[in-house]
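I am attaching a structure below and will ask some questions about it afterwards.
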Amino acid sequence: MDFYLGLVQIIGVHTLLGLSAYCVLLTGQVSLAQAGFFAVGAYVAGMLTVLGGWPLIPALAVASLAAGIVACAVGFPALRVKGLMLVVATTAFGEAVRLFFFNFTYQLERGELRIGPHGGEGFRQIRYFPENGWSTLDVMLFIWVVVIAVMAALWWMDRSRIGAVLRAVGEDELAAQSSGINVTAVKVSAMTIGGLIAGLGGGLFAHYTTHIEHVQFGVVLATFAVAYPILGGLSNVFGTLIAVIFIQGFLIEGLRFMGDWRNLLFGGLIVLAMIVRPRGLIDAGTLVALKRLLRRGERAGA
Amino acid sequence: MLELRRLTKYFGGVRAVDGVDLTVAEGEILGLIGPNGSGKSTIINLICGLFPLTDGEVVFRGTDISTLPPHERVALGIARTFQNIRLFGQLTVWQNLWVAQKARGQGRGFLRGWLGGSRHDRVAIDKTLDFFDLGHKRDELAGNLAFGEQRRLEFARAFAAKPSLLLLDEPAAGMNAEEIDQLDARIRQLRREGVTIVLIEHHVELVMSVTDRIAVLNFGQKIAEGTPAEIQTNPLVREAYLGTQTAA
Amino acid sequence: MLDLIDALQSVADGVLFGATYALLGIGFTLIFGVMHKINLSYAAASIGAAYASLLLLAGVKAPPVLVFLMAAACGGVIGALVYFVAFRFIPLANPLATLMSTVGLLLLIDEIVVHATAGVPLNYPALFSDVVIRAGAFNLRGDLMFVFALGCVAMVLLWALLYRTRLGIATRAVSQQPVAAQLCGISIDGVNILTFVITGVLGGLAGAMTGAAIGVLSPLLSLPLTVKGLIVTVIGGLGSIPGAIVAGLLVGGIENVVQFFRGVSERDLYVMMLLFAFLVFRPGGLFAPAAGRD
Amino acid sequence: MYGKVAVIAASLGVIGALGAAPAFAQERTVKITGFGAKSGVVRVFGINSEAALKAAAEEINKAGGVTLGDGTKGRFAIEFLDDRCNAEEGISVVRRIASSDAFVAVGPTCSNVAESLFGILQKKVGDASDTGLQFPIIADVAAKGGLAKISEWAFRNVPSEFEMYKSLFAWLKTQHPDLKTIWGGVEKDFAHSNATFGVMKSQAETNGLKVLGQSEWLLADTTFSTQVREMRRANPDIVAISAHPFTTCGVLKEMDRQGVKPKLLIGLTSSSSIETLQGCAKQAEGIIIPTSFAPVTPEAKKAAEQVAKLGGSADLHSAAAYEIMFILKDVIEKQKIMAKADTVQADRVKMREGLAALKETNGLLGKVGRTPDREAIKPFLFVHAKDGSWQVLYKPAS
């Protein structure tokens, strides 16, 4: 049982990571800086609970805010460029964040132990959950309360005019500008929202893995962050969730019985998924079909 | 209402627009014609602020807006359509207007502006759609519309920003006679509602029938200006067109 | 004084090694030029080609030159495979899907290499590794000089291919005017495959050069080289071959200078921040055209 | 849902055997699950560990198996799961194992996985306020210093690098009193290399060597010329490299090119493997590395052969996995572990207590001491690369 609860935790946190990239992708930008924001969230939250002795929720809030501020600050210059330039610029930024934490040491004496981030050796013993009597189920529920809140907020945002504006910018910046939209402000806002969400995810990540170090926040994680929404489709937030379940639940854990083949299949199935569903697992067409199905069901029911 | 002073734009060594002076009066319909590549669309882009000026000024209602970013010019009341249609294809028809409309509503409270606006605003969008005969398509994806409908939607989207100055870049291109008649009627209706219009068009009949005044461009310079009747008899204009566009 | 010589020596070493970055950069840039898409699996495929050359020639005692040529050939084959797997069947209108499919392919190629070798680093042959050219206090490594020269030859051949043959003209036509090119009877599919084969050959050479310059091959290399290749591509300006060459050498040199002055822990931090600033304030790359494009 | 299939399939053997057989069956299957990296650049570690676990299990089964708490004979069955050297996946894998009837797990390969894993375990036994997982894990490879300190449920059969380098430098002092200076080289972004380098440096100083300085590089670096030039300038008697095979080889090759020929080379424990020889046998010639395994005793020779037969290679890491199987056998017998579905909780506690109570275990090279920190003090020897293989240079009396 614990195993499933743990897996659901992982799915939850990765969904947050994917959603942070989703916000930015809506405006048509591929950002590989999300792992950097995730790292900021992880380190800030971890330091607050371990070194500062803070309770988790305020620590998460501050972590999210910190990552949001970083995202906003980096968004202004970075979003001057687009396309491949932005991909590389954000990769550079994400790597810079990782390397900052590689060089970052801030330890306090606690009895005979030294606690806190210690450069390349990482930040050990972020044990807020077990020390405060949280069971795996509690942690899972807590993570999912956060995930559902974020998903609901994004779902609602998607339906509001903000969503239409974000997508309009993503489709055609020139036309959006000419329709009176401040494109820079919209893109930076999207990046900031993405940063807030990534920070939240990072804070949770630090606490359920209990140990963080710079290597975890590299290019691979950043790639996964954008892979989730792209693989899932950008038509709504559930695409990202489905993709996380596909990757974490199916490709990683579900295919375990394949033994040595599992890892070969991992990359291969991602390629295959993109060939079969180039617009993502859930695209606008799927939604229309689903709606039709639902409507037919309603009619049949009534 | 709009005044262009020595408007100049060079692309590298090419003088796309070269010292054009032009005034648009409140409430009039100004036609902007000229052979291909004469700088008409560039002027529109400069009025909207898509490129920086090389020289000159754009003055709108007495203030110099030459350095304002495009979205702020829209907020002042300048809206446009594109020659090559640029809709938000993955949004619905209704959402296309929604995006454009609320940009002006920001003054009435930030949140309301961003989250979707009042019932009044929604009704306004529906009315606009009906006016452009798109009401029945409101939930279709804009990318799935027929060509003529897409042109109408562009027009509608520009109008949704509640502009006082509307810049139409070849709205009749690719339309059939019936559609052009409807377009003619809509432009007149808008003028009655007080919208000032600058119309770029190759379709001579439409220009001649609907405009109050016409300015003619060639090689980035203004070569003539006057009523449609005056323009038709202007020898300079004939000369400009003869070599390049006899059919027009 | 010693410091100055050392710093210069570091730059020289970096620039020489930068030839491999330049080749990778050219590969990325060519594919981008023709298809307007990024092939993220490119560096992994290059390392894969170098591995393939070792594994295919495992039984025989092949001279290094043969290993290099084999790597280039394998690179070409892998290039064509990459095109069919990750590009051919995905509609042009979905650049994000291609981006992701190449990521999947990157992971797949890496994992195939890992399965074939258990992830163990392998000895890679080098030519002229025992030659050191001394000029005063200066040393130039023979094998790096060779790698550098090989890189230059490859670039010259590529240039000749693109500008002096009918194939090259077709490639450039497709990159500039795909529709018109088709109307002139050029097969886009053919040109695409050709581009992938050519870039694959370059990549195979780059992989072999990397292996030769370090002396060992490891799947550890593919991710850092992907990042380096992308960096070189954008610094050089998208689609610009001379840009990629200069940027490759530049990145190699700068890396070593920063390392010399700031140490290895902070090296990449500074390089990344420099890059970020460069991209943001000079997005057109080194040889950006004077006027902005819309 | 997806994972369930695998869990069921995996535990079918145990459940099937237990459920179908009467209470006093003659034989029971005791499933031991190992885990570690079997993909990515560290795949070889997983392959070796798995082979070693299986080889040891075969050996034990051949000799009659293990006597369980109720007197029945148990036969070991090994399963090995891949964690891809990823902390989240490692946690998943351990939770998966802990959700089955397993009473112990062996792994992981990577120290960063061990950090997270041991972190989710209960820190102090019996601390009711700590809801960490109560499941004993014994590590075979993860080498970063002091890991078992994290939780009382965490054990390691990993050699103490501190002891090894302490002894090595003391021995060098007696053997080569003429060597006065040392230069270090360290793979800065790899926690294990970095930590071990600290040990090397302090031990060198303790034994009267003058540390002239150090060169630093990163795990995936491709050029080492600047670093090696510093080394050449210093002209040290000894060069000590704390890095894994890939960069160790890169640096050795660069030293060769630049003509840096120190009188003595010292390497990192993990590099005393076949990988270094495959990467750069010629340049590595003469490098001295302390290791806790070499086929010098009859047991060790036999173990090496068996591991090789199963497709692995016995080195200091996989030998630890091999030994662990025998440790587990002893603890099961001493603690009267039942290995039944309904005694899982009790078995786990017994296993932990048994492991914690160990003062000494039998290793392939001799007796292995246990510390109160749940770490091992393993016998070791010094090997050097000679003619393309690792040969024993000296075996300190322990």
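By letter and in written order, the chains are A, B, C and D; residue numbering begins at 1 in each of them.
We take it that a contact is a pair of C-beta atoms (placed from the backbone, for glycine too) under 8 Å apart; a residue touches a chain by one contact, two chains touch by 3 or more.
Values in this document were obtained by computation on a predicted structure and should not be read as measured data.
Enquirer: Report back the single chain whose CA centre is most distant from the CA centre of chain C.
Expert: It is B.
Enquirer: Point out which chain occupies the most central position, where each centre is the mean of Cα atoms.
Expert: Answer for the innermost chain: A.
Enquirer: With chain centres defined as C-alpha means, what is the inter-centre distance between chain C and chain D in Å?
Expert: 37
Enquirer: Taking each chain's centre as the mean position of its Cα atoms, how many Å separate chain B from chain D?
Expert: Comparing mean C-alpha positions, chain D is 73 Å from chain B.
Enquirer: Can you check how far apart chain B and chain C are, centre to centre, with Cα atoms defining each centre and the answer in Å?
Expert: 47
Enquirer: Two or more other chains touching the same residue: where does that happen in chain B?
Expert: Residue numbers touching two or more other chains: 50.
Enquirer: Could you list which residues of chain A touch at least two other chains?
Expert: 102, 120, 174, 260, 263
Enquirer: Considering chain C alone, which of its residues make contact with at least two other chains?
Expert: As it turns out, chain C has residues touching two or more other chains at 110-111, 114-115, 223, 265, 268, 294.
Enquirer: Residue numbers of chain D touching chain C in their complex, please.
Expert: That would be residues 39-44, 47, 188-189, 216-223, 225-227, 229, 233, 245-246, 249-250, 253-254, 257-259, 274-275, 278-281, 283 of chain D.
Enquirer: Which of the residues in chain A come into contact with chain B in the complex?
Expert: Contact set of chain A toward chain B: 160-162, 164-165, 167-168, 171-172, 174-183, 284.
Enquirer: Spell out the part of chain C that touches chain A in their complex, as residue ranges.
Expert: 32, 38, 85-86, 89-91, 94, 96-101, 103-112, 114-115, 223, 226-227, 230-231, 233-234, 238, 265-266, 268-269, 272-273, 275-276, 279-281, 283, 294
Enquirer: Please output the residues of chain C touching chain D within their complex, sorted ascending.
Expert: Chain C residues touching chain D: 2, 6, 9-10, 13-14, 17, 110-111, 114-115, 118-123, 129-130, 132, 139, 141, 143, 210, 213-216, 218-221, 223-224, 256, 259-260, 263-265, 268.
Enquirer: Spell out the residues on chain B that touch chain A in their complex, using ranges where they run on.
Expert: Spelled out, the residues of chain B in touch with chain A are 48, 50, 69-72, 74-75, 79-80, 82, 86-91, 95-96, 98-100, 102-104, 113-117, 141, 157-158, 161.
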